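Should a chain be cited, it is by its letter among A, B, C and D, assigned in written order, with residues numbered from 1 in that chain.
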Amino acid sequence: MDIISTLNLIIPTAIFAATPLIFTALGGLFSERAGVVNIGLEGLMVIGAFSGIVFTLIFEGLGFGAASPWVALLVAMLIGAVFSLFHAVASITLRADQIVSGVALNFLAIGLSVFLVREFFGRGQTDYINARIFRESVPVLRDIPIIGNWFFSSIYPTSFVAFFLVFIVWYVVFKTPFGLRLRSVGEHPMAADTMGIKVNRMKYIAVMLSGALAGIGGAVYAITTSANFGGGTIAGQGFMSLAALIFGKWHPLGVLGAALFFGFAQSLSIAAQQIPALANVPQVYLLIAPYVLTILALAGFVGKAEGPKAIGKSYEKGSR
Amino acid sequence: MDYVIEMINIRKEFPGIVANDEVTLQVKKGEIHALLGENGAGKSTLMNVLFGLYQPEKGEIKVRGKTVQITDPNVANDLGIGMVHQHFMLIDKFTVTENIILGNEPKTKYGNIDIRKAEKEVARISELYGLRVDPKAKVEDISVGMQQRVEILKTLYRGAEILIFDEPTAVLTPQEIKELMEIMKKLLQEGKSIILITHKLKEILSVCDRCTVIRRGRGIGTVNVSETNQNELASMMVGREISFVVEKEDAKPEDVVLKIEDLVVNDLRNVRAIDGLNLEVKAGEVLGIAGVDGNGQTELVEAIVGLQKASSGTITISGNETTNLSPRKVTESGIGHIPQDRHKHGLVLDFSVGENILLQTYYQHPYTKNGVLYYPKMYEKAKRLIEEYDVRTPNERTLARALSGGNQQKAIIAREVDRSPNLLIAAQPTRGLDVGAIEFIHRKIIEERDKGRAILLISFELDEVRNLSDRIAVIYEGKIVAVVDPKTTTEQELGILMAGGKLEKEGEPI
Amino acid sequence: ACGQADEEEGQAGTPADTQDTTDEETGDDTDGEADAGDFNVKMVTDVGGVDDKSFNESAWEGLQQFGQDHGVEVDYIQSSDASDYAPNLNRLARDNTSLSFAIGFLMADDIYSVADQHQDKQFAIVDVVIEDEDGNTVPNIANITFAEHQGSFLVGVIAGLQTETNHVGFIGGVEGFLIKKFENGFKAGVKAVNPDAQISVQYAQDFNDASRGQSIANTLYSNGADVIYHAAGGTGNGLFTEAINRARNGENVWVIGVDKDQAEEGAWDGGNVTLSSMIKRVDQAVYQVSEMTMNGNFPGGEILEFGLDDEGVGIAPTTDNVTQESLDAVEEWKQKILNGEITVPQTDEEYEEYLASL
Amino acid sequence: MTFLKSLLIKLAIPLLSIFFGFFAGAIIMLVSGNNPITGYAALFDGVFGDIYYFGETLRMMTPLIFSGIAVAFAFRTGLLNIGVEGQLIVGWLASVAVGVMFDLPFVIHLPLALLAGAVAGGLWGFIPGILKARLHVHEVIVTIMMNYVALHVSNHFIRNYMLASGQRTEFIPATASLSSDFLRGLTDFSRLHWGFLLAIFACVVMWFLLWKTRKGYELRAVGYNPNASSYAGMNVKTNIVLSMVVSGGFAGLGGAMEGLGTYGYAQILSSFTNLGFDGIAVALLGASTSIGIFLSAFLFGGLKIGAANMQASANVAPELVEIVIALIIFFVASSYLIRWVLNRLQSNREGK
C-alpha cells in the first residue's frame, strides 16, 4: 500500500476513534477549568452510554425511527448532567476530595447502570439498537482530492458535531463573559468571589456541563460502535479522555489534537498489521504504540502541563 | 453626622474564636480612616464583613445613613464599596483588563466580551486617577506596585465611593508607597472615602484623619490622628509600651564570611537576573540589601543557598567555595536562611511545629539513627526552642498551619538561628507582622550579630534596612550599585540609588 | 482430537453415547443412583455472566430446559471476577450439588483443585479438558469440548464460496488455543472450496473493545475483504457496526457470527449483514451431560467432544443470505468430515499440514 | 479528653458512612423489589457464615491491602498513582516468571520471586516517577498509559514465552509458592495463603517507613510542600522518584500475591484485574493510614466475596455491592457533612 491509501485507511478511523474522546474531554475541560478535577469522566461516559442505548431502544419502540438515536443523545446529555450532580454535591457543597468523589462516581455509575439493565432487560446486556447513526459522505466536499477521502467521504455526523463543538467551546471559554468567569473560578475563586461571581454556582454549572458532554461522549460511543450496552462497553475511554484533556493542556484545540493523536495511534496500530512493511512487527509493539507514543510526546515536546491554579480545592468563603 | 459607613456593634465568630466582638467603626465622608490592630486582631474580618464576604452574627451596618444587609460582594459593589485585599485578589494568567472587568464585562451584540471597549475604559479611568497600568499586560508579568494599582482600578471601575485598603503597603517599595499615598489623596479629592489598614504607624500619622484601634477582636476606641502620636497608638494597640528604635551598638566587623565575586545567575525564564554581582559580608555586621522588588534579590538569595545555579562567578562562605553546591551542602557549610515567603518556602504547614523546627536537622544525630527517626529527641529539642523563642503554640505537636503568621515566623527563626550559622540570611523577616513580633525579631537579629555572625538582610522595608544595617548595599538590575552608610545616607538618597540614579554628593563606597 | 472416538449419529435431545474407549471404571458413583427428588444441577458462569448472549447464556438455557423436562432443581452462580471461580465452585460443592458445571475454560485450574478437595462430588467443565500432573483425566470431572474447528470449517466454506472479492477476514478476540481452533478451522474451510482466496487474520487481543473491533473491520473491509468471521465476543459488536455502515452505503459486505445465531446483531432497516453464524450448542451439551448423570451415567473422567455428528456445532438456522450452492457444499463437506475423509486442523501446525495436503 | 473526642469523631465518620452506604443500598433493594433484610443477611452469611468464605475474604483482602498501600504511599507524597493496576500486573508476571524459571530451595526461591514482583512493579513506577521529577510530566496520564502497556506487554510475554495450557503459564513449584496447607486447613480449603500475613506486615512497614524513618519524613515533607522541602535541602526529585518506586513496589507485591498465592500462575488477561483501581478506593476509605487500609480492604474483600452469596441465596444482583461501595466512599469523602452534624450536636450540648 502506498502512503495515501494507508492514510485513507487510517485517518477516518482515527477521527472515528477520537470522537467520543473529544466530547468527553471537552466536558472535562469545563469542569477542570472551573477548578473541579473530574476523574469521574469514565463513570459519566458509562451513564451516557447506558442512557443512549436504553433511550434509543425506547424511542425506537415509540416509533421515532431514524431520529431515535439523536433524541437519545439529547437524553443522555441530560442524564449525564443530572448524574454529575453526585460529583458536584460531594466535591463542591460537601467539600469532598474531588478525586475521591470522582472515583466514587465511577463505581456508582457502573454499578447502577448494570443493576438497572438487569432490572429492565433481565440480563447483563441491553438488546441491540436498530436505528443507528451511520457514516455519511458529504456531497461535493467528498470529491476534493485526498482531503475529501479523509474527512468527507465516510464520516459519522457525530464527528462533525464534535469538531464544531471544539470551536464553540473555545469561543465560550475564551471569548465570552461566562468563559472569563469560569476560568477565574478555577484560577482564584476568592478573587472571583470578591468580584461578585457566585463561585459555587459556577462550579456546579461547569460540572454539569462536563456531565452533559461526557454523557454525549459515552452515548456516541455506544450508539455508533457497540450498539448495545453492558458492563464492559465503556472500558477506559473516560480515562483516555482525561489524558487527552491534560495532554491538550486544558485547551479545546489542544484537546482536539490530543484526541486525534490517540485515535491516530490506535488506528495506525490496527492498520499496520495489514500494511506489508509493518506486518511483521510483533503485535505487542503496535498494541502499546498509542500509549507509548503519548508518554514520549509528553516527555519530549509537550512538557509540563500546568492546570488551572486552584484545581482540586474546594472553595470556602474566606479561607486562605 | 454625615458618616458614609457605620458598623455598629459587629460580632463575627469563627469556630472556636470570636474574631470581632462588638466592634464599632464610623467613617466620615471624605476622610482616610485608619484601622489599627495586632495580627489577628480582627481587622480583615471586619472589612470582609463590610464587603459582604462574611455575614456578621450581630450588629448593624449603615451606609450613608441607611441600614443595609450586605449579603455578598455584589451588594457591596452596588453600595459603592470597593476593597483592595491584603492578599491580592488577582488572577495571574489574566490580563490587567480582564481582571478589572471580571464580573462586569462589556459585551458586543454577539455576546462575546468587547475587549477593545474594556481596554479603553480601563485606560480612561487609570488616566483620571493617575494610576499607570498597561491594560494588555498579564498580571503575572507586572510589578507588585502595578498589581496594586490594578486592584484599585477594579474598585473604581465599579464606581466605588468608599475604598477599603487592607495592608496595602506591606508589599510595596518606598517609592511605591509614596505613589500610593498620592493616589489616595487624589481619590479623596474626587470625593471618595477611604479605610486604611496598616501596621505602619508612620503612615497613619502622615495620611490619615482618624484612627480606630481594635485589640483581640474588641474595639478600643477611635482617635483623631492630629491629636495623637506613635507611642499612644502603639500602646492602644498592644496594651503596653513598645520601643521603635532598635537598640544596638556599633558593629565590630571581623573576617569576611560571605564573599561573592562576579556572580551571574539566570532566572527561571533564562533571563539574566544577577549580572556580575560582587558582595562581602563580614562577621559581626548586618549588611542590608536595599532595592526595589524584582532587581535580583530572590535570585541572589537562591544562588547563595544553592537553589539556583550560578552561570558564572564564585560564592565563598568562610573561606570554602560553595558555588553550585546542593542546598544541603551549603546549609552544612554554615548558613541559616529565613526565606521570604514563609508559607511557600519556610514551613511544611501540615507538619507539626516540632517537625518544622527540625526541618534542617532531622537527619542528624541524635534525631536520626540508622535511618530511623527518634521522635522523643526531636520533640525535646522543639520544646526547648519553642520556649526560648516564645513561639505561641498549644504544644509542639500542633500543626504549623494553626499558628499565626508571627508565631510561624518565630518558629522559622528559632530553627535557623539555633544552628549557630556563620551567615544568617534574613529575607523579609518581618513582612506582615505586627509591631510586637517585629520588635522581637529585630532584637534577635542584633543579638546574633553581636555574637559574631554575619547577617545578610534583604527587605523592601526601607526603615527596617536603615534601622538594622551596619552597611547598606543597593541592588539594581542584578548588580550592587552602591554600598552606603545608613547613618549618613537619607531615605531620599537611597530611593534615588534604588531607582538606578547616581548620587551627586559624597556617596563613596564604604 | 481424541474425542473423535464417537462415530455414531447423535440425535438432538438424546444423550450421545460417548463412551470413551480408554476409560476404565472409576469407582462406583454413589450419587449416581440418586432419585430425581434430591438430584440438582447448578452452574458457575465465567465473567461473561449468565446473560452474555453467548455460551453462558446458552448453557443456562440448556440447564433450564433440563430442569423443566425432568422437574429437577437447577440454578447458577455468577462470577464477577476471575478470582470468584474457586469460591463459587466450592459453594456448589458444599451445597451438595449433584452436578456442578463450570462454564468456560478459564475455570480449568479452579475446578481441578475444587474437584480434588471434593472427590465425592461430580463436576463438569465446558471447553477444556482437565488433566492431572500425569496427563490423566480426573475421575470426578466430565470434560465437555466442542469441535469449533469443524463448525468454523463449514462457515469457512460459505465464506469461500460467497466472497466476491476473493478475500475474507477473521477477527479473533484474545489469541489462544481455543480461538486458534476457530481461526484454523475457518481458514481450512475457505481454502477447501476456494484455494486462491486471500485470508486476513487479526486479533484484537481484547474480547470487549467494540471500537477496536470496528477499526479492525474497517481495515479489513477497506483492504478488500468482503466476508469477515469473528470469534471475539463484545469486540465483534464493532464488526457488525462497521458492516452495517458499509452495507448502508451500498457495499456488499458480510459478517459471520459466532457461538449462536447472530442474525439479530446484523439486522438493519435495509437488510441483514449476517451471512451465517457458527453455532455452538452448549445448551445441548449441558442438557445431555445432566441427563446422563441423572440416569447414573456420570461421564466422569471422560472427554466428550460435541461435534458435527451430534449437532454440537454447526451453522445457524437463519440461512436467508446463504445461497443454495453454499448450503449444498456445506452439507457435502459436513459428510466428508463426518466420515473422516478430511481432518479439520485446529492448530497452526495442523493447518500448515492441511494446506500442504490440498 | 480531647484525644478521646477526636478519636471518636475519626471513628464515627467511617462507621456512619458505612451505615449510610448500606442504608442507601437497602433502599435500592426495596425499590427494585428485593428484600433488603434477606439480601444483607445473605451478604453477611456469605462472609461469616462459613469459615471457608471468611478465608476467601481474607484472601481477597490480601492484594487489596497491597494496592491500597501503593496508592496511599504515593498519595502521602503528593502523587496520584493511577498506575497501581499496571504495576500489579507486571509484578504478578515477574514473580511467576522467577517462580517458574528457577529451581531453588524454598528459602531463596520464594523471597526471590517476591522480590522480582516488587522490582517489576517498582520499575513500572519508576518511569512515571522519573518523568515527573525530570520533565514535569503529569503522573496521572503517564500512569494511565502505563497500565495499558503493562497489560499488553505481560500478555505478550505469557503468550510467547511462558504459555503452558490455555491462557496461562506453568504452575509455580512449591518452593516459590505462598500457599499454605495450614491456612487452607484452618479455613476449610479456602485459598488463603501466607501472603495475608505479608500484607499485615506490609501495613506495618508502610506505617514505619512513613512515620518513623528519615526517608518517610522527607517523603511526607515533599508531598506537602516541595518548595519548603527543597529549601530545607531535601532532594525533591529523588524523593518523587523514590516514592513512585516504593509505591510501585507495593503494587508489584500485590501482583505477586495473586501469582504466588491465589493462583500459582500468571495468565493472559483479557481485561484489567481491577485490583489496582480498587486500591484507590481502599486507600481513600482508609484515609491513607495503615490501619484504615487494612479495615477498608476487609470491607471491600467481604463485600466482594459476600456478593456471590447475595446473588445465590437472595437473588440480588451483585452490582448492588458496587453501588454500596460507591456510596460509602461518597459519604466518607463528604465527611464534612457528618463533621458538621456532629459539631452542631456538640455545640448545642455545650450551649446549654
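FYI, a contact is a pair of C-beta atoms (placed from the backbone, for glycine too) under 8 Å apart; a residue touches a chain by one contact, two chains touch by 3 or more.
As the structure is a prediction and not an experimental result, all values here were calculated from the model.
*Asks:* Sort out for me whether A-B or A-D is joined by the greater number of C-beta contact pairs.
*Replies:* Answer by contact count: A-D.
*Asks:* Centroid of chain B to centroid of chain C, CA atoms only: how many Å?
*Replies:* 77
*Asks:* What whole-number Å value describes the gap between the mean CA coordinates of chain A and chain D?
*Replies:* Chain A and chain D have C-alpha centres separated by 28 Å.
*Asks:* With centres defined as the mean C-alpha position, give me the chain A-chain B separation in Å.
*Replies:* From the centre of chain A to the centre of chain B is 45 Å.
*Asks:* Hey, how far is the Cα centre of chain C from the one of chain D, in Å?
*Replies:* Computed value for the inter-centroid distance: 36 Å.
*Asks:* Pull out every residue in chain D that's touching 2 or more other chains.
*Replies:* Only 152, 155, 271 qualify.
*Asks:* Which chain B residues reach two or more other chains?
*Replies:* If we look for residues of chain B contacting two or more partner chains, we find none.
*Asks:* Going by the contact rule already set, what residues in chain A reach two or more other chains?
*Replies:* 231-232, 235, 283, 287
*Asks:* Which chain pairs here would you call touching?
*Replies:* Chains touch in the following pairs: A-B, A-C, A-D, B-D, C-D.
*Asks:* Can you tell me which positions in chain A touch chain C when the two form their complex?
*Replies:* Of all residues in chain A, those touching chain C are 8-9, 12-13, 16-17, 66, 122-125, 128, 130-132, 134-135, 137, 154, 221, 224-228, 230-233, 235, 237, 266-267, 270-271, 273-274, 283, 287.
*Asks:* In the complex of these two chains, what residues of chain A are touching chain D?
*Replies:* These residues of chain A touch chain D: 86, 89-91, 94-97, 99-101, 103-108, 110-112, 114-115, 118-119, 231-232, 235-236, 239-240, 242-243, 246-247, 282-284, 287-288, 290-292, 294-295, 298-299, 303-305.
*Asks:* Inside the complex, what are the residues of chain B that reach chain D?
*Replies:* Chain B residues touching chain D: 15, 305, 307, 326-328, 330-331, 337, 339, 344-351, 355, 359-360, 362-363, 368, 371-373, 375.
*Asks:* Can you list the chain B residues touching chain A in their complex?
*Replies:* 48, 51, 53-54, 72-74, 77, 83, 85, 87, 89-94, 98-99, 101-105, 107, 111-113, 154
*Asks:* Residue numbers of chain A touching chain B in their complex, please.
*Replies:* 171, 175-177, 180-181, 183-184, 187-188, 190-198, 309, 317-318, 320
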